[in-house]
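Each remark here refers to the structure printed beneath this line.
By letter and in written order, the chains are A, B, C and D; residue numbering begins at 1 in each of them.
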Amino acid sequence: MSVSGELIAFFGLALVAILGGVLLITLTKVVHMVIALVFTFLSIAGIYLLLSAEFVAIVQILIYSGAITIVMLFGIMLTKHRENDEPAKGGWQRFFLLLAIAGFAVAVYLGIYNLDIPVQPTALHEENTKQIGIELFSKYVIPFEVMSVLLLVALVGAIVLAKKDDEEGDRS
Amino acid sequence: MMENAWLIPIFPLVAFLVLLLVGGRLRERGAYIGIIFTLASFMLSLLTLMERFSAPTYKKTLEWLTLGGTQLTAGFEINQLNALMLVIVSLVSLLVQIYSLGYMKGEGRFSTFYAYLGFFTFAMLGLVMAPNLVQLYFFWELVGVGSFLLIGFYFYKQEAKAAAKKAFIMTRIGDVGLLIGIILLFWETGSFEYGEIFQAVQSGVISDGSLTLIAILIFVGAVGKSGQFPLHTWLPDAMEGPTPVSALIHAATMVAAGVYLVATMFPLFLASEAAMQAVAITGGFTAIFAASIASVQKDVKRVLAYSTISQLGFMMLALGTAGYVAGVFHLMTHAFFKALLFLAAGSVIHAIHTQDIERMGGLWARLKWTGPLFLVGTLAISGFPLLSGFFSKDEILMAAWTNGNYFLFILAVITSFLTAFYMFRLFFMIFAGESRRQAKQVKESPAIMLLPMLVLGVLAVISGYIQTPWFGTFLGEWLVEGNETVLGAAHSEGPAWVMILAVSVALAGILLAYMKYARTKLPREGLVKENSTLYRVLENKYYMDEIYYFTIVQMIKGISLFLSYMERFIIGGLISTVTGSIEGMGKIGSKLQSGQVQQYGMIAFLGLAVLLVIFALTGGYLR
Amino acid sequence: MNAYLLSLLVFSPLLGILMVALMPKNEERTIKQFGFFGTLPPLFLSFFLCSQHYSGVALSSFNIKLDWIRFGNLEMYDPKLFTVNFELGLDGLSLIFILLTTIISSLAAMASIYIKQGWKGYYLLFLILEIGMLGVFTAENLILFFIFFEMTLIPAFFLIGRWGFLEREKASYHFLIYNGIGSAILLVAILILFARTGTTNIAALTQMMTMGGVSLFAPISSSMKYGLCLAFVIAFAIKLPVFPFHSWMVRVHAEAPPAIVMIHAGVLLKIGAYGIIRFGMGIFPEQYKSLAFGIVLMGVISFLYGALLALVQTDFKLVLAYSSISHMGIVMMGLGALNEAGLQGAIFQVISHGLIAAMLFFLVGALTERSGTVMLPKLGGLAKSMPVFSGFMLACGLASLGLPGMSGFISEFMVFLGLFKSQPVLAAISVIGLVLTAVYILRAVMLMTFGKNDSLVEKEKLDLEGWEFIPALVLLGLILLIGVFPNLLGGPLQGTIEAMMLALGGR
Amino acid sequence: MTGVPLSAYLVLALVLFCIGLYGALTKRNAVIVLISIELMLNAANINLVAFSKLGVTPSITGQVFSLFTITIAAAEAAVGLAILMSLYRNRKTVNVDEMDIMKH
């Protein structure tokens, strides 16, 4: 396999993404962890670009790197934390979990390894956003609407949950 | 008349039901209902018997129970033996009921008593008329219940309660044997009908072994009902019932049912040499065994009870030595004189309110009617010449002699000696000698009691004359008519000295008793010392009750207790182990519920991973 | 009309349920009346069915079949495949059991007058229980049978647990656990059959199994048939119950309210026998035949074991409980005899014991109401203070020990007749039980009624009175009727028995 | 055309998924747990998008679905954080180990 630009880009992005993940696990300060994950999200957006999904890549950057990360940072700031968050789980439990994850990874990898699908030329990159729009508002219009309801529910729910319980506060 | 013979048992049944329903209101008048219905049944039986003399056997059956391809029937049959038994049973029942009018005076549960008597009479008559073995067994057990009710009539007395229970259970043991016998016979012959069974037996379908087994099993039933050794112990205890009951049940009817059964099944027994031997030996042994006990008992009714056992043994002996006629003949005469003796004993007890013969004596002068009647009965049972017992006993001895069974013959002779001895011992102790109580209080029983005794007394004298070596053997000829080949000769011919021997033995017994108890020439303790081992053994009835108690009863109790402990500890423990372990598992499971979401997730994921790995390694279902 | 008669019968207690449910809960008298009247429609309907049968109407004309549940989409092979229909049916055997159910239910509803509290719930559950029982005996397929079977368990559980004596809760849990295990086994067997054959109709299954076990999908191997047959027999043996599985029933008898024990001993236990006949014997005749020895052995052990234990009990209810075990042993013996006499005897014994046990427990209820105890050492001499009661008690005891003229004799006689043909050795061993039965029944009854009366203070009105005569007389009358004219009961059974015998391969 | 093979994307997704899983199951801070879950969702999204281009029948559907997933993830993050805030107000902690009032 000759080294193409696409391959180099993929490896670079993958490396950054995995690195971000590993940092998430290993860093000790909570804020650092979230920041590390921003890199992962960004590089995943890059991966989407490689897969000719421009619109998804943009959404990824907007929602994950932007919205969710910020929300998480707010969450961290609004709560009190011990400076160093080290896992409290016992060694055995962690060992078993690692073993299980390794087993899971190997099992899935075996499945991936055997996968061999011939690459077909696609037209996904041509007017990607338009294609998505057409699909979304024709074929998937009902899920789309349901999704909007879901968002509304989540919005209302989040507000209700996070609202300060005045009466309870008064009583106590 | 014979078509209507089915009414004979129905009458007492109606009496029973009527008394049960309205008896409480009738009180003493209830007795008349019982007597009237029994009288009707007696008249009808008498007419039936008359008609049977000329007419052939009558049989009528209806379908009763369908069992696959087999139809079991119910119905009735009037043959010679049945007709005779019907008259004996209904007559004795009638007399006993009349007698009870006097004897039971003052008893609060008068109507209940007559209801029970009616039920018993119904069952016994039904038993006698049964044309097949199932029906016979049906009534056989009902007779047992009737006797159970009557023995336990004084339900508040502990002894009566125990006696009733014992009577029922001991006879039940015999009944079970009979039941097995009947069932096996059914599978061998395919029928419960007498006629078909006898045909099958004679055609030799059944192997010798099973024939003997069946005959012996049926005989076990007879042993239970007739109080033969070793199931005899209930009979003396049953004397706890009212005395008229003893006269009815333990003299004339129920105990005779066993003999009747063997007589009915006689062709079956004849076909098996071993079974006949068993019958004869059991009978002979019981006869002498019970007679020996009777010689030392002190309760008047117990003496009579053992005497009954002994006499029934005699009948069995007769049947076992092929003396069909002799057995049935003695059954009849015994019914009369033993009923007489019981009623007379009841009259004595009624007069002086004790049953202990050592506290009696000198009553001859006070009881002007009872005394002679008792004497008649005593003479008859002892085999005193020219009374009924003489002829029938003679017939039995003849039968034993002609059958060639000399050992049994000697046994029978000794028993007749003992019979004469203990009966006269009883007689003399009651009536002779000094009066041991204030004689003025002793009053003769009322006429209503004496009348039945009188009737029985007459019968005890004359009933022997229908079958004598001198005036013809009418009974025997009639009984075996049409069945000569099976039932044997109408009369057993034997050497004349047999009769002389029997008479002299009886007289010797009487004489000995006279010497010892009336004249007191011989010391009363002459033969057997009061406190010698033999005496004690006899007085305690060979310790049979104790032996049963300490072996069988205790064993069963032991097993039951053992099992109930097993139930409680082993099975109960097993169950609590199971429930306990399930509960424990639940507790462990609830410990796992730590509330740690991550732990749950980890465990769930572990499971998934294990599944996946296995899946990957084995290749899964699709490969 | 005929087609819906059976459904009407089964669900007719709903009328009573509705009436009771609409009553306010403290109207004791009215609730009791309505509860009793609720049992009357099924009673009259069953009488009507019976009269129809005797006037010559074929019982199968009452069968009903409605589409109900369909699994999968297999019409192309066979439209009947994997469907569960709502089908009720009737034959001689079920007719007899239905009569038993309706009669005993009505009498037990009458005897429930002794219930002291919670009448509304009691009668509601009671009537639901009756629906369940009627359904069990008419269900034509296994799934429906199972549903009705479970429908009997739950009301019975509450009835025992709420209205029983001191240790009622423990007893009801035992009841539930054992019966739950039984029905779990049953369910597994039913589902295996359904999955393998695609049908649960009893008639279809019977035909399929006896004609060589051909099915569309997976042929059932012979060892699997053995397993299924064994599962059915064990599931119902727990219900019956026989020796190793009996301990729950002892508790229930001792702790449940007497009116419920009337139902329980009178009808519920009989489902076990019915199930063995219908499913064990009916569907798997070949396999059943080879299990027969074990079944007889179980029966003999129960018969003797129950009798021996009844001998030493001091609580009259426990005597009756062990006596039930003993009598159910006779049923097993008859079922294992594999001939007409044995089978017919077993069915007779089921009916006869149903009546006798119901009557005995009715009397127990009446006595408990008066004396507050049925402990034998505390009783005695009842014949003096309660002569009529004692008379019934004695009659019933005698019926229970198999006195001729009563129903118990016919059944015992036939069972032993059958058993001596097929298993003479076991039969010979088991006859000891006949004597033991007499011993323990007389012991118990005489301890109560005979002897001196030093326990009960003589009150004015101790004896049975008024309505209490109705259950006692009806039951005693039926016991005597069957005992004297057994063909009344034997008649409707002939068809069923012949069919069974044919399947079992001759007599 | 020699592009990056499908399996490379899948392996990347697998690795990220495993990291997210590990984080979700071991971290004590509830915020990090939530973020780890987001990572897992992202890994799934990579698969969706990768199959939409390199699958057996390439189509835009995969991308559409990844959009749905992102929406759900966003909603989940919002609600999750709201719960966290509420919990924090009541118990003054965001430590997952201490959130065990539902045990037994």
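The criterion applied here is as follows: a contact is a pair of C-beta atoms (placed from the backbone, for glycine too) under 8 Å apart; a residue touches a chain by one contact, two chains touch by 3 or more.
Model, not experiment: these values are computed from the prediction.
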Discussion item. I'd like the most central chain, judged by C-alpha centroids against the all-protein C-alpha centroid.
Written reply: C
Item to complete: Would you mind telling me which chain pair, B-C or A-D, is linked by more contacting C-beta pairs?
Response: A-D
Discussion item. How many angstrom lie between the centres of chain A and chain C, each centre taken as the mean Cα position?
Written reply: 66
Response to the item:
Between the Cα centroids of chain B and chain C the separation in whole angstrom comes to 37
Worksheet item: What is the distance, in whole Å, between the centres of chain A and chain D, each centre taken as the mean of its C-alpha atoms?
Response: 5
Worksheet entry | Rounded Å distance between chain B and chain D, as computed from the means of their C-alpha atoms | 95
Fill in: Numbers and ranges of chain A residues touching at least 2 other chains
89, 97, 101, 104, 108
Worksheet item: Could you say which residues in chain B touch two or more other chains, in rising order?
Response: 598, 602, 605
Worksheet item: Can you list the chain D residues in contact with two or more other chains?
Response: 21, 25-26, 97
Practice prompt. Write out all the pairs of touching chains, ordered by chain label.
Written response: A-B, A-D, B-C, B-D
Worksheet item: Which of the residues in chain B come into contact with chain D in the complex?
Response: 590, 593-598, 601-602, 605
Practice prompt. Under the touch definition given earlier, write down the residues of chain C that touch chain B in their complex.
Written response: 174, 177, 244, 247, 305, 308-309, 311-313, 339-341, 344, 381, 383-384, 391, 398, 403-405, 409-410, 413-414, 416-417, 420-421, 428, 431-432, 434-436, 438-439, 442-443, 446, 449-453, 485-487, 490-491, 494, 497-498, 501, 507
Worksheet item: Which chain B residues qualify as touching chain A in the complex?
Response: 598-599, 602, 605-606, 608-610, 612-613, 615-616
Fill in: Interface residues, chain D side, partner chain A - complex
1-4, 6-12, 14-16, 18-23, 25-29, 31-32, 34-36, 38-39, 42, 45-46, 49-50, 52-56, 58, 60-61, 63-64, 66-68, 70-79, 81-86, 88-89, 92, 94, 97
Worksheet item: For chain D, which residues count as touching chain B in their complex?
Response: 21, 24-26, 33, 96-97, 99-104
